[in-house]
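So the structure is just underneath, and the comments pick up after that.
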Amino acid sequence: MSKLWHKDYDLNELVEKFTVGEDYLLDRRLLISDCVASAAHAVMLGSIGILSDEEVKALTRELAALIGLFHEGNFEIKRSDEDCHTAIENYLTGKLGDAGKKIHTGRSRNDQVIAALRLFSRDYLFLFMENLILLVRGLLAFAAENELIPMPGRTHMQIAMPSSVGLWAAAYAEELTDDAVLVETAFRLNDSCPLGSAASYGVPLPIDRELVARLLGFGSLQNNVLYVNNSRGKIEAIVLEAAEHVVLTLSKMAQDLILYSMPEFRYFAIPAELCSGSSIMPQKKNPCGLELVRAKAATISASLSAVKSIIKALPSGYNRDFQETKGHFMRGCLTSLECVRVMQLTIEKLEVNRDRLEQGFIPEIYATDRALELVKDGMPFREAYREVGLHLERLQNRNPVEAIKAKKHAGATGNLMLEKTKKAIDEYEAYFQAKRERVDDAITSLLGSRPPFFVFD
Amino acid sequence: MSKLWHKDYDLNELVEKFTVGEDYLLDRRLLISDCVASAAHAVMLGSIGILSDEEVKALTRELAALIGLFHEGNFEIKRSDEDCHTAIENYLTGKLGDAGKKIHTGRSRNDQVIAALRLFSRDYLFLFMENLILLVRGLLAFAAENELIPMPGRTHMQIAMPSSVGLWAAAYAEELTDDAVLVETAFRLNDSCPLGSAASYGVPLPIDRELVARLLGFGSLQNNVLYVNNSRGKIEAIVLEAAEHVVLTLSKMAQDLILYSMPEFRYFAIPAELCSGSSIMPQKKNPCGLELVRAKAATISASLSAVKSIIKALPSGYNRDFQETKGHFMRGCLTSLECVRVMQLTIEKLEVNRDRLEQGFIPEIYATDRALELVKDGMPFREAYREVGLHLERLQNRNPVEAIKAKKHAGATGNLMLEKTKKAIDEYEAYFQAKRERVDDAITSLLGSRPPFFVFD
Amino acid sequence: MSKLWHKDYDLNELVEKFTVGEDYLLDRRLLISDCVASAAHAVMLGSIGILSDEEVKALTRELAALIGLFHEGNFEIKRSDEDCHTAIENYLTGKLGDAGKKIHTGRSRNDQVIAALRLFSRDYLFLFMENLILLVRGLLAFAAENELIPMPGRTHMQIAMPSSVGLWAAAYAEELTDDAVLVETAFRLNDSCPLGSAASYGVPLPIDRELVARLLGFGSLQNNVLYVNNSRGKIEAIVLEAAEHVVLTLSKMAQDLILYSMPEFRYFAIPAELCSGSSIMPQKKNPCGLELVRAKAATISASLSAVKSIIKALPSGYNRDFQETKGHFMRGCLTSLECVRVMQLTIEKLEVNRDRLEQGFIPEIYATDRALELVKDGMPFREAYREVGLHLERLQNRNPVEAIKAKKHAGATGNLMLEKTKKAIDEYEAYFQAKRERVDDAITSLLGSRPPFFVFD
Amino acid sequence: MSKLWHKDYDLNELVEKFTVGEDYLLDRRLLISDCVASAAHAVMLGSIGILSDEEVKALTRELAALIGLFHEGNFEIKRSDEDCHTAIENYLTGKLGDAGKKIHTGRSRNDQVIAALRLFSRDYLFLFMENLILLVRGLLAFAAENELIPMPGRTHMQIAMPSSVGLWAAAYAEELTDDAVLVETAFRLNDSCPLGSAASYGVPLPIDRELVARLLGFGSLQNNVLYVNNSRGKIEAIVLEAAEHVVLTLSKMAQDLILYSMPEFRYFAIPAELCSGSSIMPQKKNPCGLELVRAKAATISASLSAVKSIIKALPSGYNRDFQETKGHFMRGCLTSLECVRVMQLTIEKLEVNRDRLEQGFIPEIYATDRALELVKDGMPFREAYREVGLHLERLQNRNPVEAIKAKKHAGATGNLMLEKTKKAIDEYEAYFQAKRERVDDAITSLLGSRPPFFVFD
């Protein structure tokens, strides 16, 4: 089938291959979104008299049919199609003739692809948040279970002060809950309908942009038509930033777990079913999943920085450069979700070795506790500090559980306040649940069903 | 004066120079914050009986005095002090003896520096938001003034469709208003008091962390003491991300302005007072400010990526690596503020050349409008598109003002809806105003005055 | 087939999917390299008596057969194989029994994958250099052809001084010739055989590493077995850096061409066959190839920065993190090659519009020439500069061709010295030709044929 | 004093502050270079009759005097000067009148600043290489001294196979020697004289660019005048890339040392004089220097990526964006040198704890050695591997020294081949020594003395 812009010349083959790039493959992830957005667009064109009721019905029916074909593996986007938008329009024109030729009235591929990406991102964020919440709940349960299991606290990777497995796990639960703020912000900015901005400058037709936004379940309409096109890449960057922060948190958690499961520590044991072996060394059980979480943080950062570098100093209005953001964005989304799920599984299966943890409590770990005892007896802290520091040999072993119970102020080992994080997470869950229902209702009303716009495979 | 941790050996000179780095210089920007946070800490230590009322009063008085000395240029942080924290403790001990030696009870430099950075960031965000709002208001005024001045709309930098100076300016006003969401998110996450987490593991004293948070005007207490230390660099990254998005938006605006003030366009003129000359070419007036805004987007991105790279996969608890985030963070904050102010000035002074703008309206710019007229006459869009595309020579010139008025749907040239953005900006202003008052009240109560924690110089 | 390390437990399905990732797909690009490297390893094992002559012959025969199967599309790496190394060993064991089970003696997947990557990189660099040389020759021809076509020289994007199309094209030819130095450096560092380092610590067998290096046509043996494994990612980064510099140069060239083919300039015309259209605007011919070259510079930078971020601060010895560098590396290589080819085609087809170029010569462009005339008459330069600058209205139009001829010093418009660059490029061509022959000879001796290790598709 | 381009209007104060930025401070590091380059330029202007012999002598004398003033701390670049170039021209004009006003004939600040940066980089690279060689020699000595000290070899941070302290140190010596290839490449590309390219388009004067190149001791002349200006930032990026690779290598070394000096390992001890303490924990001795080396790798990567991001897709010819590369470049150079010196000191002082190293040799470490013994007895490797893997409990402890001696092939623990690296390093030393002599001779001839263009302070 021909390209949408085909007129009277053919594109050079090398340039065609280069400009299409992997778009025709990536667009498998956008095809359903674009079908659904096209259905909403058709309904709106009907409402302003550009399409007849019959045309709207026929288009909606064929778009639903196309989704079905695609799900069954019977619809393919070919390189010669360039992208899903062309493939869909050609399919509709093939099936319906003039109605197909009319579907593009009042829109451009520019706003179409942004709309498809927003639907994709929206479902990605729903799924990402769902898994993030599972992970936080897993960490909270793990923290509660191991609340009073002592763990050497470190700074500079050296032995510092008494700590606990509970504090360690709860620290990550809280950090991920802060990261969820970023996910929510990204959701909010992404939840804005771009359709009707067309190539970047709107159209001289009385299109009803608010209607399309409502039909697709968006929270708002993105107003300025030039800004809509300028925001390509930008919203993707904001979504990836939230994902990146989560995975940066996981990279730290992975580093801790890799370190503390080394034979010299064995604070934690990662069960064999989560470990790969070596091709040459018969004894190896390697924490490969965690190593890859650590490495994949770099992949997400790179995806994000590619997107931002592409949009930096780009003149306003649509530029083809935007296309290059698509692969980076999708790769970042998929990778971040994988990492959260692997970490959730790891925490679920992680074994805690209390003996080894307690063996880490060498007398020096109590140096600060000792100095603060001298303070309670009236010695100024700086003197107590020097006194203890110059006579470390006088430090004695203590009961580590008593030491961690003794820190009772907010957020310390003796007072983790897990319920605070639990409450925050409950609120996020409710917030996203409400948004999800709004979306489900809108899509079901429009199409009679609710296909997923993001698939994790 | 000696280092806080000095006991019985001296640090190698090369290593001392390396580890202190530029900290003793950067800390000039944190000294006031640390004095104020120390005053709050002292009040709290008084409330739990570690310090007497006299000691609290003496410490508060001397901290206020030290701020005065610093403002007058009579207090210096020396390289041998390592940082502002040491300089302050040494000053207090020099003035007050034992009360000075007690000030560090129940805290560590780790939570101290985080607290000082949060106060610095908070005031930076107030000032940044204030300037951002000024810029958005400037753009809205510029858009209103030039609402119906035609401007060739471009995609791929080629002539695309009729647009207007109003649409162009309003696009940036809206984009910056979306960026403000990120500033607000950063503010929220930064607005959490870290004090009392000490080295990363709390202390065995009944410290009242909530009280300190209140005294410093924080919106909340950051709970888990290990998370507090793990969040070093992270909150800075989130703040820089907001700044980066703003400056990425400005880099696009700068690119547009540099382009459209070239002699071949002259859509806009940048007045001479904003332009530098050349050392060799007598005729040159160069848009250097805009070029540097464009370049400085890279600086902020680099600052941010340094911070994130430093915290990636860093084991939990304090690590000295964190120190290296400080310079990047401060540089990013200062740079972003400069860019916003220069752009605000540029928009204020920018001259619009209506003649040149209208000359850009070649007949081809109306190709899409023409195709959509054929659609109104009943031709399916795809056919109308081909019809027009194959006979471009038939296109005629039109009245550009009519063309931009004809796009009346939401967000298009004939319907900018500037009031929507104005309303959003009013809300941000009110939000930050309220936060600022809360902070001003708290600091004034604590200290009797309200010194700035962030200075733009 | 089972994994190489399979013993008595099964890997969790989610973790398996995560750890295998896209490796089984990416490894289609390494399979031939690994077959060839395995053949060299087998010959060496024969030379030290670990394999019999029959076993060596059988293995070599089956490896050649496997390459044939793969070329015909009859060999697939399955996700359950994990990677090409497993697929190959399993194939050999299936075909040959014990000989297959022996092939892994004295090696590890760690050094295997490094070897396969080096062979891949080597052929990539041959092909990349070949195309780079074509591009430079194209630019030199274009410069020669347009040596005295005037072109407004710009600084700050403003009109600066007289320049020429020849100077413009020659500047890029020279820059790419400097970039070739980086390609050659990357080639040199990559041209070092890693085999025999095994997991990172060598083996207690008298393996002959020098022999393997020779059989595979490497220029040297990479000595320290731990360094070999530490250099994973590092050599890839160095290769990508060369590619990145080339594409950064192309991004600048693309920006110039996009700019100077705008309707306001039309210095250059990009023929329609290299331009794509718009889905909505009938008149558009967009320089999409150039826009994507500009954008893809960000992709290569991101690939590179991912690789460097992954290896940063990674403990020595093999870590699974390395696997994540593979996709980034391959993506960077393929992208850079595409960009060079598209640019080469663009320069070949580019049309020069002399009229429009000359129209850009407004009187101000001669301001510096005029000031230097005053200097020749004895006025100190700074005074001449001010004199001209304060009376720009006195400047008159001149003959632009005379103006560019008048700059006769080395490297200026009147003296491009193209032969210097041509000579440098001839030397690079000869250098790489010699290396390529060495490699072709070695591989042909080993295997009886010379399959490509890098395929551009 | 006035700006070089000052004519009839004043720059807005905010814009002036913004555009000057920190240039007037950074240029303290370029002032001497610019004086020397100016002297060479004056001599050349004399040779073509633009300056009289007296003027040349007077200018050379005053430039030498200015260097003296600057060394004594009696010359300052003020913000109102903008940069060192202006300060110097103003100084010369103040002292000499017309001769000063003539010095800028045939050059621009654009080529001046590039020349000053090349001189700066050249001396930086001399010093960097000198320190790098010292570090490699230190590592080779350390490797020789600890050649047969056993050390558990790890992959995935888990116990893998027997290794040695010698192998560990020699791995880094070899890696840094590969990094030196990049330093040499950077030197070569930097060693090219840019002067005479002026604003980007040369000048209509018969300037002798080759003479200037020779007078300044450059290895070659950078030919195309537009390329010269396009290469701003590019050469800096190539220099920083070499520095970055070195520091990435150091970041790995630092990570190893931090890890292996933890109390659970104590393979190595870092003497107290290289460690800082804690403000709260009396017992702490922290490897702060190594942590900062680890962190500073991110700083250098960020500096580099800022430079590359600035030059990406920048239109050809000078753009003010280039100025923003200066601070990043200088910061990267200084930081990299510090890191090399700290690491050199650390290796010099590092203590090896043989007992703890040997205690790491648990029976499993010999699993691969055992499997290969079975191979020697005729069992196919894959069977031997499974046999050992399923009966790890049968593995027994061995003599670790014998185990590391037993790996005798090239580059293994029993055959480190340190002399190979020593030879390569000797060659680098000789290469750079020769270049340095060439430079010293040229500068001394020109000026009568040889001031340093790069100062490490």
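Before moving on, here are some points about what is shown:
Every chain is named by a letter (A, B, C and D) in the order it is written, and numbering of its residues begins at 1.
The rule is short, and it goes like this: a residue touches a chain if its C-beta (ideal position, glycine included) is under 8 Å from a C-beta of that chain, and two chains touch if they have at least 3 such contacts.
This is a predicted model, so every value here is computed, not measured.
Residue-number overlap of contact pairs with B-D passes half for only one option from B-C, A-C or A-B: A-C.
More C-beta pairs in contact connect the chains of C-D than those of the other pair, out of C-D and A-C.
Relative to the C-alpha centre of chain D, the farthest chain centre belongs to A. Distance between chain C and chain D, defined via averaged C-alpha coordinates, is recorded as 24 Å. Inter-chain centre distance (chain A to chain D, centres taken as mean C-alpha positions): 38 Å. If you average the CA atoms of chain A and of chain C, the two centres end up 32 Å from each other.
Within chain C, the positions touching two or more other chains are listed as 4-5, 7, 104, 110, 155-157, 160-161, 199, 259, 277-278, 280-282, 284, 286, 288, 291, 294, 298, 301, 305, 309, 312-313, 319-320, 368, 385-386, 389. Considering their complex, residues 3-7, 9-12, 14-15, 18-19, 21, 85-86, 104, 107-110, 198-199, 272-282, 284, 286-289, 291-292, 294-296, 298-299, 301-303, 305-306, 309-310, 319-325, 328, 338, 341-342, 345 of chain D touch chain B.
Per the touch definition, chain D reaches chain C in the complex via residues 4-5, 7-8, 50, 89, 93, 98, 100-106, 110, 153-157, 160-163, 167-168, 170-172, 174-175, 178, 181-182, 185, 188-189, 196-197, 199-210, 221-231, 234, 237-238, 241, 244-245, 248-249, 251-256, 259, 294, 297-298, 301, 305, 308-309, 311-320, 368-369, 372-373, 375-376, 380-383, 385-386, 389-390, 403, 406-413, 416-417, 420-421.
The residues of chain D lying in touch with chain A in their complex are 155-161, 258-259, 262-265, 277-278, 280-288, 291, 305, 309, 312-313, 360, 362, 364, 367-368, 370-371, 385-389, 392, 395.
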